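Order as written gives the chain letters A, B, C and D; numbering starts at 1 within each chain.
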Amino acid sequence: MVVQSMPDASPVRWHLAHATWFFETFVLARAVPRYKPFHPAYEALFNSYYETVGKPLPRPRRGTLSRPTVAEVMAWREAVDQRMEDLLAGAPERVAPHLAAIELGLHHEQQHQELVLMDVKHAFSQNPLRPVYAKEPREQPREAPPHDWVPFEGGRVEIGHAGEAFAYDNEGPRHETIVKPFVLATRLVTNEEYLAFMEDDGYARPELWMSDGIDVARREGWDAPLYWFAEGGEWWEYTLAGPRPVRPSEPVCHVSWYEAEAFAAWAGARLPLEAEWEVAAAGLPVEGNFVESGRLHPAVAPPPPRRPALTQVFGDVWEWTESPYVRYPGYLPPDGAFGEYNAKFMCNTWVLRGGCCATPQDHVRATYRNFFGPDRRWPFAGIRLARW
Amino acid sequence: MVVQSMPDASPVRWHLAHATWFFETFVLARAVPRYKPFHPAYEALFNSYYETVGKPLPRPRRGTLSRPTVAEVMAWREAVDQRMEDLLAGAPERVAPHLAAIELGLHHEQQHQELVLMDVKHAFSQNPLRPVYAKEPREQPREAPPHDWVPFEGGRVEIGHAGEAFAYDNEGPRHETIVKPFVLATRLVTNEEYLAFMEDDGYARPELWMSDGIDVARREGWDAPLYWFAEGGEWWEYTLAGPRPVRPSEPVCHVSWYEAEAFAAWAGARLPLEAEWEVAAAGLPVEGNFVESGRLHPAVAPPPPRRPALTQVFGDVWEWTESPYVRYPGYLPPDGAFGEYNAKFMCNTWVLRGGCCATPQDHVRATYRNFFGPDRRWPFAGIRLARW
Amino acid sequence: MVVQSMPDASPVRWHLAHATWFFETFVLARAVPRYKPFHPAYEALFNSYYETVGKPLPRPRRGTLSRPTVAEVMAWREAVDQRMEDLLAGAPERVAPHLAAIELGLHHEQQHQELVLMDVKHAFSQNPLRPVYAKEPREQPREAPPHDWVPFEGGRVEIGHAGEAFAYDNEGPRHETIVKPFVLATRLVTNEEYLAFMEDDGYARPELWMSDGIDVARREGWDAPLYWFAEGGEWWEYTLAGPRPVRPSEPVCHVSWYEAEAFAAWAGARLPLEAEWEVAAAGLPVEGNFVESGRLHPAVAPPPPRRPALTQVFGDVWEWTESPYVRYPGYLPPDGAFGEYNAKFMCNTWVLRGGCCATPQDHVRATYRNFFGPDRRWPFAGIRLARW
Amino acid sequence: MVVQSMPDASPVRWHLAHATWFFETFVLARAVPRYKPFHPAYEALFNSYYETVGKPLPRPRRGTLSRPTVAEVMAWREAVDQRMEDLLAGAPERVAPHLAAIELGLHHEQQHQELVLMDVKHAFSQNPLRPVYAKEPREQPREAPPHDWVPFEGGRVEIGHAGEAFAYDNEGPRHETIVKPFVLATRLVTNEEYLAFMEDDGYARPELWMSDGIDVARREGWDAPLYWFAEGGEWWEYTLAGPRPVRPSEPVCHVSWYEAEAFAAWAGARLPLEAEWEVAAAGLPVEGNFVESGRLHPAVAPPPPRRPALTQVFGDVWEWTESPYVRYPGYLPPDGAFGEYNAKFMCNTWVLRGGCCATPQDHVRATYRNFFGPDRRWPFAGIRLARW
């Protein structure tokens, strides 16, 4: 609950406190007259990055805090939960102005639920004891179905969120764009396919890589996805169920955008544009291998319902796209602190789509835009190929 | 000719050698049977970044070479020029297969001519003696015309290069895209306008900045454009004509994309998309303040020919756009080493348009896509505002 | 118990585990036939730096371990304590060969008791909540006695440990050396005296400093001892009893060797040589303000028993000397792992003498040689002046 | 003349300018009424580290200066030489107060003559063209004489400079110290002996190394002396006469103190204390392989004049000692800028003795104390063993 294994990660205790902080800062302190915070210092301690509401503790120092203790944080959570319930049980006209912030807070907490699993996985993977977080469900091993392509017409299409249902600001405005005819792979790239890239010297061939990418790969000594390690002449990977041999049929996971891009170049293909992905996903049900399955690891692709058809579109792994994360035409960030939620990261990051095995199922949708820097490997992120 | 004042820059001698290397490696060694290179070690020493043709010397070490001397490099240049002339004077059918490489080599050398001026400016600015590179032409001071907006209809438009004339691979394929109606500023942002941003605490207000941008600004202590320094209660700037007080009416120059973006946010505007810029520039003559003027510094905007009309579109300063530098739909990098010319930098860089006062006039065109990382300040880069 | 607030520090849990590891590795595993370690991975996890007995976990990563938990470590301690008791209760001839290692282990654990207090102080000082570790005892405030000098004859003297009582290897062999006549200050330098140095611009005058020292002071922004902070126009310091205003009469504490050296130069004096200190301390009782007082902070010097006489020789703060930490003439490190205990740090470190308010009283003696790098400020270290 | 190949080194042009600066700043500006400096900016540009006479240019930036040109620096040197000659030709009573500074300036320039050779060697070694600085004299190859020991009685001895002849401040005061009986090796350690250490895995055995030393060796990837490289299954070294195979009988050179110390530990010996070295060298003539020989590389030890006797005491390589560089008892740095000449480096550096093949012969003496940080490898430094 307390350790921080790298600057990008946070202690679980911090995530718990931060999600609480969100409701206290953005709901209770605004909705409750003369609201007295639970503790005057928690405001700054558990602010993640909102510079408009104070001076956050630098992220790399989150793991150096020995106080408040886990018990103190849990007491805070309970107190804030109670006050939130009191607020919600009160006069509807007092709650109404805060409903948007409450809804945002719930989605925000879901994001941190996924981050908790990402960060625990990283911390445990660094521990020489390699602890098990949760046993994996018993399942029959199966083969991945053969790789195939699904064609799409493209043309003048619409993407982006519209309507009343919740979406983050960065998903709108809905707008038109032009997409050339394209094909998408029916399923995610498997470990077996990725191993072929590795064995073909993929990590050492600069012509496959972005210039920045090969630099970071060399500097960090990358020669396989994060969490993979060689032992006894075989590739193993650390999973939340502990270390085990890499299974060839499972989707490759924990690769950076740089690796995804280099793999695609090696395979004579490319990553999908986010508009292509969204057009293809638009009509599909949001079903798949989410956190609720308890598997906490991407699963082998199911047999396709008909040939060819897309599978694994939602869940399993976030799919890197070829699209830099920038604002949609006409987008304006919201006023105030929520303007910092998404907009200030629209630089040097890339869009991922579809959710993963650590995402709550009701958190994602076809228009959902996740984003990470191109060198980040600790998200549950993988590869779907595209071609023109 | 020999010093390197930062990792991004190169000694002038290196630029001279590298442009020579290009013709020897990509033309002579291929066109001349049993070609014997001038010196066996120059291949690796003066390769810039082509990993497919050997192992380049790391860029930050270019300034540590005391050999070959300037005289030796000039002798090499003369020898290669002579051999190029011999080749060109020879049988046309022997030259024909190499014409594309020769043309690319000439445009490539023009790029390095601009880099020489950028790098000399940086080196001289670091020298406490602040040497003068070239005196500036005598001119009457004048005011910048008032700021105004030019409206554009947008809609379904075409951008990108097509046709027989030379263009870099990254300018194509020509393709359709959709642009909302937009307005562009009639002229570049002036120093006076930028000073207002500075005085309004622009460098210290994170809500105006990308998250990465404010981090680098803090870490590097940015509080003004590169080459500006405060002296006697007044802002001065180092120019290639030596240090002099900042002139309010001149375009602001040597700002990063981060600063341009923050300025635009502060001004209630944004940077142009590259498609917007290109649509607006498409019909205009490529005229303006280029290297041929000898001014080597952006000039005050001329009075507009009619109201409102775009001025300073070409020359003066490269204009940062809001578009990340990525491939156009359907783009495929060329095979072989020339595939590294542009494609491997399509990550974490942003597009600039229009050329600058250090660019040869016949080097640019409306479809030309220059690119730099968002934190780079040594290009002659400035700001044109846009709005929806 | 879990956090690590800087690379030099370790989590308390780690100290507890490491002291246990020492007994298991160097006593039980050697003394008990077919000894089965409590847990096979603890060997490497809690090895501090003994390269001859395996591959230690890098120190900066000690704070990233979430397993074993505190409870697991405490269970290990109990198990090892029990086995140690069993061993000691057994046949004396089986214990005899291990008595030296057991004695070393006990002194080693005392060193880690002091480190626990140093590391907790650092971690708590970094925490914006500034927690209190232990309330300080109630005491009458008093003035420091006036500063005076005690003269010593010097000449041909003997220093170093000899005899049967326990001492670390680095305290011997006892040997002759020559010392010029010298004087030592009767008491430690006070905060008030150190403030005069600060107010005389001591941190900004390079002529007072070692070249390396002023570099680190500038790079780290030092302008006062560690744990001091300015608030409301006044200097405060963080103590294990929480933050409170700096008390002028107390000895200055948490200064580096660089600061001690610069202060001495400013005061027209110097630091004592370790031979001078030892000659002066040789006859004195090991009494003073040690960890047993519960004060955990240096105390105001007592009135001297006669004039002039040395006070505060033992306890309060470790006293930086002018002597680099190197081996005594004829010293040879012990064979095996214990050879790493002291010898491999005899480079770029300086000797401190006398123990401090966090040291167990029966841990120190006149010949005891502590050592730290010249830039370390988290030990309870202060200054006694000397002159020829 | 212009390049700087690492932060420790300086361009040759800088050395030339700096030696000139010394005479202008410390002699002419003080001795000549209303002295007008040759150029007002040279004062700061060519100050090395004297913080009491202004703000020096940071050393790592010395290689970024393109102005003043070499020709301008040579003109300055001539002008200053001329003014120095004028001064010396003038009234003796005007010269007298400056004789000490002039003498210091001449010895100072000798030190920079040696640094020029060190820095050129480093720069050339980094250049893939591996230029030759000077051909080596033709010589008959010969074997090194067998290794042997010379015994010394030790006891109460005197070291340090006394008398009228020139010496640096750090060589005094002459004082008594006690030295145990010891033996010194008759000659320097050879490459062949050092190769045996390398082949016995010396660089990978932490028990032989200081803790700091093995860290830097690992971080920097040391596996041989500086300038050695493996080619065709054989060790080569870069010398000022160009690259050539390592000659087994020559003294090992360009090792750090860490390597010298580890080698000595491996050999069951140690490095000499500076007092031991000085006592042994005290009566010997200052003769050997100095810069005047033109060899610019250490030479094979001569046959000893009698058995056993010390050879190679002066010249060939600086000999690392086991003594940290600290002040002698009673030493006080001179007032003013010359106080910075030596005293502020008495921390984290180690004493070397005897001069080397790049030192002017009349520059050294038995009491001469050179010093470098324990990780420095670009001095011409080697190893003589000692034992008790």
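Structural remarks
Just so it is clear, a contact is a pair of C-beta atoms (placed from the backbone, for glycine too) under 8 Å apart; a residue touches a chain by one contact, two chains touch by 3 or more.
Values in this document were obtained by computation on a predicted structure and should not be read as measured data.
The chains in contact with chain A as well as with chain C do not exist; no chain meets both.
Farthest chain from chain B, judged by C-alpha centroids: C.
Between chain C and chain D, the centres computed from C-alpha atoms are 36 Å apart.
If you average the Cα atoms of chain B and of chain D, the two centres end up 47 Å apart. Separating the CA-averaged centres of chain A and chain D is a span of 58 Å. Of all residues in chain B, none touches two or more other chains. Taken together, the touching pairs link the chains into one ring where each has two partners.
Residues 1-5, 41, 44-45, 57, 61, 63-68, 123-124, 126-129, 131 of chain C touch chain A in their complex. For chain A in complex with chain B, the touching residues are 49, 51-52, 156, 175-180, 206-207, 209-214, 258, 261, 273, 322-324, 326, 329-330, 339-340, 344-348, 374, 388.
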